[in-house]
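Below, chain A partners chain B and then partners chain C, in two separate complexes.
What follows is the complex of A and B.
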């Protein structure tokens, strides 16, 4: 059977299962689904270059339908990509073969908000913003505010193990999961126990989180929720340099004065955002925010925290920078895309995680390296007791699009090298996927081999999200001729 | 030169092992192997009393570094000999009990603190380090791990990670998986896996989580890097008593959902409350009776109780109908001003739930004796009955259902009481203590198995989880299929991937599947 015949057969099966309205295979739709926010994809698209096209997109509404789709796909050895809102920046949802895309956005029920347990049961296709609004109406919050707040789904967070801007207080999505529902690579359905915690062997929920839909498809989850904070106490502090700013961040996290938001901008970042955030004219801006339903306790922590920051050399800049940060925090990703229209400049970001001991050294090294190719700035966030994330933003320019791409690649390579040398991690949120896969291999070492073997054991036909996380050798982007050779 | 003539392992293998670990670090002495054929699982004590302990392992070794462990694992893999990693063997589910012979790899000689990174609040230590020694060393440096299982004097870091342990102060400091940053594991193929020491990341996390809770079935954990806390600068104690269990549970739930994080939060059910205070709720320290220690007091109590245990439903019914009040113990520690405020707010919440303030003493008293109880158990067995604990968990709206369902299931076979601790905003764990007996040793074993089957069937039916922190071992393996809710294939895939020969701790964690069971390994006689 030819490739085209096989695909036609699958489309027919999908239509039989879901109905014609819930299966789409026209060319225009396939083009739209072939890209997401990742820049080269957008640039390529604007130049008429498309890497891979799926053969069909389908919209299941229940886990049983997902189960049947996977079984059919597996029987026909057609790969499956799971799609939420396409807001990933790491090519997580780009089709690798002429596969099927399962768009989960029709699984959009918020099944239950449980006031006694402080949990919510929610399907993977629900958008962040919608979930948060529904919870707010009941007096709760999920506490999860990724930069893609307005255009990401629950399923996306779970498969990429995302973190939001208030993760210092509320935790990352992995800390919020009570139970998962979904299907394995053979289509069988699973529902893990609803318990706050167990000692019943390896934690399956945690193993599946961040696996980027390569080991299973998650269709719904039971998540922790938090009562809405009554009061938000946000403030800005000025520090002379990055080193003293980092020391101050570390102090708050290690002395239980944990704020909800703790973000330090380096001098370049502080200058770039100065107008928007009313930051200092030189040095570094540290945005600190305390918020909690328990306002008495929160106010105490804020008072102690602000005192400590002053003791460590911080200049109190008042509320304004904090409040302005709150106002502008989502506009950053949208502002970056403005640069796309200037065809000779490329803007990109790299996040890495590092322990406190190595944080400043890594920052200095990476910024120096990037300066050879373009402009760089950084901010530090998602602090915890043992370390912090560094979020580098850089811009490279060149009139030649090939040279431009080269410069971007060089920045990535040198940054990843610095991380591997110093011992930091290239693999924090929001997921791994094709872009970082090559460095992931080096970072994980023996662990990478283990995950590859696990993938092969769980999904021997390489149906689920092939090629992502560089977990399957045969998963690299392929043209139809390659697949025919496999037969 | 030790005598190895009687060993059931091939001579060449024994010689190779001596080559790896040295003369001093192995043993095939029958008495030693017998002592290693049990952990603290109650059933093993009963078996010992009945003279029915299972076949011991073929050898025990004490490697001193990860390279020796690596060589041992390679040897085991080549010769298909079962390997059982072991810390201090204080598990209560048979996790380190050899079922098919093999070699016990006792890690207690790998007990160093390798590195303390004071700036990053991280410590790297070897798996064989004993809990209390570890904690004491950290305290000297101004830190605490925050991990205080009641077995702290006789459990190891490797054991904690392998079983997903939780300590008595977990409501503040978290459980072992909250503390692990990275692991060093010797895989069944002999490779060493070292996960990265970096703040939580998406893939590093899943690698750690493959081994946390693997109970020795996927590899040998030889070291771990953990995140630390500053040693607390203040501590506060508080006791309360509630008119009934429901009000006490409401108080705990409200405290956790108000974002308070008491280090210790323990609510005793009415039966336990009745026992520990013998009907009187103590509000101040009792004068010490001449010559009567805590241990003797317990034995004195035990002698009174023993005759009743032949028909447990009688004392159970009596206690369950008569006992009403529920005792709460709280301990706060950390930054002084935060401790003070949490303490104040907790009092308000408890008073609002109908609680009566009993002052500091009940909590201080518990704190003082918190490790002693376990060590008095052996006397209880000598008196002819047995005790055990069954610990489960669930979400708040199911908690009382789970409690009463399980209590009912256990009540005909054992005296049963419980306390609630390890509280979360979402739910809580229930810790049942049971005491029972039988007229003959065989009778006791039979009754023991019945109690557990009834309890766990009830637990599964009522939507609870099989174990909150003791783990699975042999004892609960049968119920893993139900517990996993369809996700078991992932567990089997992990095992097939990582330990295709099935040499790592066979027979544990999962029952009924060859890959976790014996899988055609050579019997000891060969």
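What follows is the complex of A and C.
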């Protein structure tokens, strides 16, 4: 069968299932769905290149429809890639093998907000902002505010194991899940039991979370929710250096003074954000914010927390840096447009997780390595009792786009190697996908073999997001790009 | 092609490389659920077509028409970008190339015949409605420009406006001509050649007044930006009725005040385009017993009715879905009257509201019903 015939067959199959209106295959739409939105995909776009194009995109509205699509796809050995809003930075939705894309955004029902149990049952296609707005109107919050808040879906958080900016208080998405609904690679529908903290063997939900839709397609979830905070108290503190700032962060987390937000900018990050956040002119800015459903509780915690920070050597900078951080917390990605369109610079971030003991050593090592290729800065956030996340932001420049990508790759390689050497995790947020897959085996060891065996058992034809997490032998080859710039 | 798009180079580049930061706010993308319909998606396609990477064909054109011009995304964009301008230029290219949707091209042909989008003899109808004396005065004072949408769908609102103005003893002329459309639909749909001819004809009829007043914020914005600014007409000022009425509230005497629960909808052209948020609110507060309620998202963040940007003509089903979404929000607020200040909003929300038994009213009509 020729490639064209195979694609036509795929489209016919989908149209038969969903009708003409819920299947698209025009070239313009395929380009949009197949591009990577973050760098260096955007650089490829500026050169008129998109590596792989999908064959078709379909829009199911129910889990039954997803199940039917999967069953037919498996029977015809057609790869399936699940799509939320395409905000991923790790090539998680890159199409492969003439695959079809299942866009879940028509599964956008907020099925129920339960005031007794403090839970919400929500479909995977609901946008983060829409869910939060709906919850706010009912006096609740999900407390999940990832950097992609304005452009990601519930399904994306679940499949990449996302963490929000206020995770110190509200937890990561993994901590919020009560139960999941979805389909397996044979089309069977599963619904896990809606009981919290059960001890019935290995936790199925936790195995599927963060699996990048390689093991199952999650179509809805029951998540816990929180009362809307009555009072938010945000503040900025100045610290002399990264070490003293990290000590202060750890102190709050381990002395039961956990704030909602705790973010430490290193000296380079503090300088970069100085104007925007009204931070100190030297040293490190620590943003700390307390919020609770009860005003008195917020005030008490804030008072004790701020006192402790002062005792730890922090200089109280007032509420302005905290409030400005709140205002600008989604601003950073706006810089991308300018960078791609006006310069030879590539900006990127690498997010890793580390225990307190190794945090400073890892920070120092990675920043030194990145500095060999370009500019580096970092901030520390998502703190917990045991450790902290480090976000490395870097910029590399070169007038040759290929050399630019090489430099970017070298930064990634050296950072990942540093993490593995020190014993940190190569990923905190947002998952693994294709970008980090090559280092996953090293981090998980036997655990990766276990996942590979599981994948082989439940998806023997390797149709669910093939190539991602390196769970199957086949990578992500695709039909040759049709995007060639006209001379 | 690139000449028309040159003006929007920054917008096209920035949006194409943006990680979809305004994605959630686009009413069209909310309805279609397609990545291609997002502001980023459409801008990317326009860029690739401009750069010759993909062909500028009917598929590309189809996407460019999927925008209501609400510019809500500007509210959330740190680069302050309005995407509609580039799309309108892209649509003009699509018309020139003959790849615009068939219904758009047919609209252009029909408009040329009647001078308005509705194929109506507005000159005769409006003269009958308002009285000959109102329509035949000398230039030099105030001209009431009803606009085609109000004249077609809401002649009663026009009568209400005349009643309010007479109550104020305000002396005015009413433009009663077949080509009463400001031309915005032609502009939004990319029918720019037809628009140029239309503008020349209309300009002669509306120039020379001290002020032009319209109930339609789209007309106000378009006459200001495409006639007055370019010097095509000589007019003292062009104002929306809410601006005019607010200054004269003290001269109005009400029989009674509104006691029903009102929710106010900000029209995109009145709010984000003209920056008029307070005037309609002040009027509503003044004429109601308990004030009014806001939508969850209002003012700069207000969500659109689906009627702008030519969307109701090019993609009526998407436009309808957008208006249904707004009606649903109104129902959740428990309102009794959905008040607005734009005939297109009244039309879009009124149609969807009718299905749910909801009253959608223009501020002028609410006022006219209550003056002594």
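Keep in mind that, in the parts below, the second predicted complex is superposed on the first by the 470 of 487 C-alpha atoms of A that agree within 3 Å, B and C clash if a C-alpha of one lies under 4 Å from a C-alpha of the other, contacts with A are read in each partner's own complex, and residues count from 1 in each chain.
Definition applied: a residue touches a chain if its C-beta (ideal position, glycine included) is under 8 Å from a C-beta of that chain, and two chains touch if they have at least 3 such contacts.
Worth saying up front: this structure is predicted, and the values here are computed from it rather than measured.
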In the superposed arrangement, does chain B or chain C reach more residues of chain A?
B
Based on the superposed arrangement, let me know which partner A:28 touches: chain B (first), chain C (second), both, or neither?
second
Just checking: does A:235 make contact with chain B only, chain C only, both, or neither of them? Give me first, second, both or neither.
neither
Touch test for A:379: chain B only (first), chain C only (second), both, or neither?
neither
Is A:451 touching the first partner chain B, the second partner chain C, both, or neither of them?
first
Could you tell me if A:191 is touching chain B, chain C, both of them or neither one (first, second, both, neither)?
first
Thinking of the overlay built on chain A, is A:300 touched by chain B (first), by chain C (second), by both, or by neither?
first
Now for A:206: first (chain B), second (chain C), both, or neither, which partner does it touch?
first
Going by the contact definition given at the top, which residues of chain A touch chain B in one complex and chain C in the other?
none
Going by the contact rule at the top, pick out the chain A residues touching chain C in the complex.
24, 26-29, 31-33, 35, 37-38, 42, 45-46, 48, 57, 59, 83, 85-87, 103, 105-106, 108, 125, 127-130, 133, 137, 148, 150-151, 330-331, 333-334, 336-338, 340-341, 483-486
Residue ranges of chain B touching chain A (in the complex, touch as defined):
117, 119-122, 163-166, 175, 177, 181, 187, 191-207, 209-215, 218, 227-230, 253, 257-260, 334-335, 337-338, 341-342, 345, 393-398, 422, 424-429, 463-472, 476, 480, 483-487, 489-491, 493-494, 496-498, 509-510
Chain A touches which residues of chain C in the complex?
13-25, 33-36, 40-41, 44-45, 48, 51-54, 59-60, 63, 76-79, 296, 332
Quick check on the complex: what are the chain A residues that touch chain B?
114, 116-119, 160-161, 172, 174, 178, 184, 186, 188-204, 206-211, 215-216, 224, 226-227, 250, 254-257, 292-294, 296-297, 300-301, 304, 353-357, 382, 384-389, 423-425, 427-429, 431-432, 440, 443-447, 450-451, 453-454, 456-458, 469
